[in-house]
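I have placed the structure first, in the form of structure tokens, so that the comments after it can refer back to it.
Read from first to last, the chains carry the letters A, B, C, D, E and F; within each, the first residue is number 1.
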Amino acid sequence: MFYHSGKLQYEVRVDNPDPVFAKYLQQAIGGVEGEIRVAMQYMFQAMGARGDSKYRDMLMMTATEELSHIEFLGHAVALNLQNAPLDAQEAAATDPVVGAIMGGMNPRHVLSSGLSAMPVNANGVPFDMSHVYATGNIGADMLANATAESGGRVLASRLYNMTDDKGMKDMLSFLIARDTMHQQQWLAVIEDLGGIEACMPVPNSTPESHEAMEHSYYFLNTSIDEETPQGVWTNGGKAMDGRGTYTAKDKAEPMGQVPDLGKARPKSGAQKEQM
Amino acid sequence: MFYHSGKLQYEVRVDNPDPVFAKYLQQAIGGVEGEIRVAMQYMFQAMGARGDSKYRDMLMMTATEELSHIEFLGHAVALNLQNAPLDAQEAAATDPVVGAIMGGMNPRHVLSSGLSAMPVNANGVPFDMSHVYATGNIGADMLANATAESGGRVLASRLYNMTDDKGMKDMLSFLIARDTMHQQQWLAVIEDLGGIEACMPVPNSTPESHEAMEHSYYFLNTSIDEETPQGVWTNGGKAMDGRGTYTAKDKAEPMGQVPDLGKARPKSGAQKEQM
Amino acid sequence: MFYHSGKLQYEVRVDNPDPVFAKYLQQAIGGVEGEIRVAMQYMFQAMGARGDSKYRDMLMMTATEELSHIEFLGHAVALNLQNAPLDAQEAAATDPVVGAIMGGMNPRHVLSSGLSAMPVNANGVPFDMSHVYATGNIGADMLANATAESGGRVLASRLYNMTDDKGMKDMLSFLIARDTMHQQQWLAVIEDLGGIEACMPVPNSTPESHEAMEHSYYFLNTSIDEETPQGVWTNGGKAMDGRGTYTAKDKAEPMGQVPDLGKARPKSGAQKEQM
Amino acid sequence: MFYHSGKLQYEVRVDNPDPVFAKYLQQAIGGVEGEIRVAMQYMFQAMGARGDSKYRDMLMMTATEELSHIEFLGHAVALNLQNAPLDAQEAAATDPVVGAIMGGMNPRHVLSSGLSAMPVNANGVPFDMSHVYATGNIGADMLANATAESGGRVLASRLYNMTDDKGMKDMLSFLIARDTMHQQQWLAVIEDLGGIEACMPVPNSTPESHEAMEHSYYFLNTSIDEETPQGVWTNGGKAMDGRGTYTAKDKAEPMGQVPDLGKARPKSGAQKEQM
Amino acid sequence: MFYHSGKLQYEVRVDNPDPVFAKYLQQAIGGVEGEIRVAMQYMFQAMGARGDSKYRDMLMMTATEELSHIEFLGHAVALNLQNAPLDAQEAAATDPVVGAIMGGMNPRHVLSSGLSAMPVNANGVPFDMSHVYATGNIGADMLANATAESGGRVLASRLYNMTDDKGMKDMLSFLIARDTMHQQQWLAVIEDLGGIEACMPVPNSTPESHEAMEHSYYFLNTSIDEETPQGVWTNGGKAMDGRGTYTAKDKAEPMGQVPDLGKARPKSGAQKEQM
Amino acid sequence: MFYHSGKLQYEVRVDNPDPVFAKYLQQAIGGVEGEIRVAMQYMFQAMGARGDSKYRDMLMMTATEELSHIEFLGHAVALNLQNAPLDAQEAAATDPVVGAIMGGMNPRHVLSSGLSAMPVNANGVPFDMSHVYATGNIGADMLANATAESGGRVLASRLYNMTDDKGMKDMLSFLIARDTMHQQQWLAVIEDLGGIEACMPVPNSTPESHEAMEHSYYFLNTSIDEETPQGVWTNGGKAMDGRGTYTAKDKAEPMGQVPDLGKARPKSGAQKEQM
């Protein structure tokens, strides 16, 4: 069950409201790299967690933290919109800076939300929940979470560069820090479960008899004119899962048939010539 | 530039066509765990790759392999649909097995595609390209790729269990194997770049001055009645990035203000009572 | 800032796990009538609330409650899936009841989530955040909220009928009750602001000079062969906003021109014949 | 059955074509507050209307009017685009006003529609029909309709402010007026059905035995540090549905269990450590 | 401006209500092959039509007809749902036919619409307006319209096969007929404009100097192991646009460079190793 | 099976990088008129092709070519982004040209992709696979393909006009040329199958007994005040399918009943007043 405090998790200060930066910040709320995504992803993973309950607890606790991030980012968006132009006189100023604002801000911040945050990304595309990755497999989920936090920290770092506002830089430095921890805590779960070798391949419960293992350890070069790129994945060393050795197949060959579906059946809605 | 062979990468054989299993297989084509996603993800990452070109080459070669997976899976779907009911007599049989088929198959496999594969998932929801994660950061991208392949191998393992068809099991055992390699090859890139410690936190190019590092290494317990879950992430050991030490904050406290946007501005479309 | 308790807001008990009902319940999580929608809608309205802060507080408190509803519904879905078929033998039983289950359950509950809840509706369509209505106008928002809760209570009532499980009926009776209160509390805000007449038309801050008021109070009959339906809206009584009198225009007439865009411009990508 | 007149419902005049305002107007066509939404919503409600047929007639007549609104708004968009830049010379003018236009207009108005309206919102996101709310319950539907018209009038009022064009202001004053009527006519249906008390809670056909009525009349304070906001909803007065009395629960407590799904089943695609 | 008659364009009769067929029929309402799509496509094309106004009139008249098709199909869906199971007793019958119904019908026809049509396809996916193709080019638009009507007639033909209900077959035979005319009337516009040769390539207003015409008339064989398929497109005859001669390039060769983006820029959020 | 060359199909050169044009180019990658769409459309049509295998081969060969188009367009987008502003100083220049760039470029080209192409359109909306039209009917598919290529050539022509960059104009002239061929090759398949008359109406396998042929050859005038537009479609000539004669019905009349669904059923979640 959830509870709420009337205060924000972190102080939000905007020294120079900037409606264009408000649009940029939306990516951190409603983008695939944003906070709605991680809040919901961790919450759904927690609701489906089976096995040791400590992982479920971690997930729900961090989901709760991410909800707080949505909240203070939403406040930051609204503060950046406080002085945005609301009528044609304000908007049509010949001042090029205003011109750029009108071109650069999200018009729905005026038209639809009345100067407030929306659950959309920097292009105004609403977040959709297909990005909530929760597989029921803790290995796949932890990688998905580290991925999400990496995308989040890349985004926060870029936003940090794109503003000169001291308040915004301070808030973003907090987000960058929390994304650092979150990246590492999800990978730490893999450590906790025995490390990469023990966890891989994901799922590690698939019987080897279900796997055509002669195809499990070669890098496939599908190019007709490029050399196989060399690296850990081709160096003959032990694969990460400890079950095989990395090699390469330098020339890919078809192993299958020419596909042929024959003629179309009557009543299938095809043209007569296909039957 | 792309080329094509008339033969499939892997042999596809369906001993007992099953239109319900055709619906299930769609998840491996047009689901977020599916082959369109990885083909496009690796292709877009390759097109945006900066730095050592060998990673770009790897990405494009494996993108090319994934296109071949779409192709043979599409053939598998069509073969499973070969005998699906096309008229009311066939469909309305009182035989409960047929009843289940009519309830369980995707009706658009008759109505829209004429007994062929579609770029949709097992619920008939079309794949959308927002799932193509390509950040321009090779660390974030490699984690995203290992994630995608983990989800893919989880899915292929579940599909393997859900069929009794020998041909389908054979094809899926090949997919399981390739997903094994792909998981490991993407993590191997991180090894190649110096390993987890060197690569983290992602992005590793963010200056420490942009990060409120006093918040970078504690797990935040946001629960009002649960103990902090203990593990690698709280054990006082060195964090994965080598820059800090894992701790926990057992009781989360707000650090920010009560948010207050004041009154609504005239012309903002609010109610008078808000102004 | 958000907090969490380890316990659910309401007890969840499933006496007879039913994977088909799990699919149905998804509508209450990820449907437009569902809990993700209201949780996010109230949260975004709260983040954009201007004017008296008590309404912001109400919104955030109820948003928090709705998050708890997502959580116990998610648990209910997982409990209904506990025994769902995971392999072909279990699934292919000729028992018609199992046949109906295989046809009727959401296959992604096996393939994608591993027997857990997903943020999708009963058709497996992911929730998207365009349904978060938050206009910055408290009148429009309160109507939107009463609407959402009405849709929610309609749904919960239908779900109640569609199950025989005592535990599920108990949980749904709680949801029905909370939706009762939530409907009324949002309309109570309108009372608190002076009632319908004071609040209408929404927005009540639009100057009358911006409105062609000669068109503000007639019902327009656009039918060529039906009588004007008679009722409060045509009875000559005072309109709800107190500014006019309800009438009807029994025969709609065009007031505008025949639209004509002339010829296409060169370089506009049209056919030559259009230029 | 539908018919059409060659003339527009209302005169459309654009004195100073403005491609940026064309983008803004799109919100009134393809936004969630727009005319496609209400036209389709009323039409689908009409097609599913059961009970007294006069409500079905109202719905279809107003659906028909909204189709006419799409039409004249589409003409307004095209007229605003008449002089938009079609080549690099026109677009690259160093005149900052042109710069703002190129930044601010929707590029697809050139690239995709050839200077015509599109069924998208002001961000270029296509309208999707999940926003057509039609529940089969006339109470829920009427609230949804009043909500839609409130959002519509908020939007039209904001658009009115954002233009200086006399023709556009005239057209928008007509939309504002019609939205006034439509708000009130849908609420008038509730009056016609006996008023709010008779209609609530929606659905009013749910038996009281299906409702845990001890939870139906309290406002739940889920905050850990904020007072319960006081108002109509907590004042001990009769609830709107006449069945109970408004109270508050000032401190929310979990009533449910700690959720626990136990171990993962074999063949569920989980990690071994979860089993 | 639009008008409406209280009667349907065509008689709708359902002899044996079938909720599974109701789901199938949804494809003809809210599928990409359905009536919402063509109604909106023709309406938006009409609103953007430049050049001879007779084409605009055709488009709007047929748009109007398609709205009438939505209406009677919506009635057909509702009639098929009249007896659908509304509670667990009705639904849980061990009768395999009922089992198949419960598995095969769209649960949202009970849960969300209350036994009425929805603007979704046969998988329950809402229609989205990105499928409204209106380019401002009459040639492209007419091909798009003939395409839409072909898809529509394929669908109607398949639906005709999938039902035994005499009333439904009668209604579908009318749709099949109208789709016949609509296919031909849109292609007739191309005849009216001078025929295929005059209209092609679309747009026919692109100057030849904007086209690398040495690449305009060869079929490109991109296969590494298949012969060039022979036909009209390779036979050396005059191309349809009358400007060239069909040939084939039997072996595709890259004409471009190896793509290379160099190093990542500082502040771009990449890993250090990419810089 | 697919293969890849390290070189691009066509040389890409950008003389003056322009991040606004990068946004425009996205329409050719991820728009409905773009290359992802045709690549996937032809690939899925090929995978479902029944009948003469030469059409399947054509489809797969051209699908392969379109994949190469995605690749070089993606490179063009990245080259146009090479110098885009990455921090607030670069972005906030008072130079109006930079102002327009910041307003006009896609912010996600900085925030999400790190100066690389994305699978989105010019508004940043991700491509979704519902636009892959593959019906199993070769007639419908060929029309869909000619439509897609017409939309593509319209777009490429508009992009050609919107840039002054010689390299970009050269690349676009190649795309214009290939779209010329692709339009004609798909229509050539219809020639190959006997021509329009033989192929129509699509599907040509629908028995005439399934069609209410008395409704198959009249243009329906649904206007109340416009004359029937005259042309090939009304001139009494032979219809394109050779089965009938074009006529017009100058005054549309309803042929159906007044729709009436009666009362709502108990347990349907309606209001009591509807029952």
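One rule holds in what follows: a contact is a pair of C-beta atoms (placed from the backbone, for glycine too) under 8 Å apart; a residue touches a chain by one contact, two chains touch by 3 or more.
It should be emphasised that the depicted structure is a prediction, and the values quoted were computed from it without experimental measurement.
Chains that touch both subunit C and subunit E: A, B, D, F.
Note: the chain lying farthest from subunit B is D, by mean C-alpha position. Of all residue numbers that take part in the contact between subunit B and subunit D, over half occur on both sides, making this a same-residue interface. Of all chains, the one whose mean C-alpha position sits at the greatest distance from that of subunit A is E.
Work out the mean CA point of subunit E and of subunit F, and you get 10 Å between them. If each chain is reduced to the centroid of its CA atoms, subunit C and subunit F end up 32 Å from each other. Distance from the subunit A centre to the subunit D centre is 29 Å, each centre being the mean of its Cα atoms. Under the contact definition stated at the top, the residues of subunit D that touch 2 or more other chains are 1-9, 32-33, 47-48, 50, 57, 60-61, 64-65, 68, 71, 75, 78, 86-87, 96, 99-100, 102-104, 112, 114-116, 120, 123-126, 128, 130, 135-137, 139, 154-155, 157-158, 161, 202-203, 205-206, 222-224, 226, 252, 254, 256, 259, 261, 264, 266-270. Contacts between chains leave no pair untouched here, as each chain touches all the others. Those residues of subunit A that touch subunit F in the shared complex are 20, 23-24, 27, 31-33, 96-97, 99-104, 121-125, 154-155, 158-159, 161-164, 222-226, 252, 254, 256, 259-264, 266, 268-275. Interface of subunit F with subunit B (complex): residues 1-9, 30, 36, 40, 43-44, 47-48, 50, 57, 60-61, 63-65, 67-68, 70-71, 74-75, 78, 112-120, 126-130, 132, 134-137. Only residues 3, 5-12, 32-33, 54-55, 57-58, 60-62, 64-65, 68, 71-72, 75, 78-79, 82, 86-87, 114-116, 125, 128, 130-131, 133, 135-137, 139-140, 143-144, 146-147, 150-151, 153-154, 157, 160, 169-170, 172-174, 176-181, 183-185, 187-189, 191-192, 196, 200-203, 205-206, 210-224, 226, 229-233, 239-241, 246, 252, 254-259, 261, 264-270 of subunit C touch subunit D when the two sit together in their complex. Taken together, the subunit A residues at the contact with subunit D in this complex read 1-7, 47-53, 86-89, 91-92, 94, 96, 99-100, 102-104, 106-108, 110-112, 114, 120, 123-126, 135-139, 193-194, 199, 202-206. Subunit A contributes residues 154-155, 157-158, 161, 224, 267-269 to its touches with subunit E in the complex.
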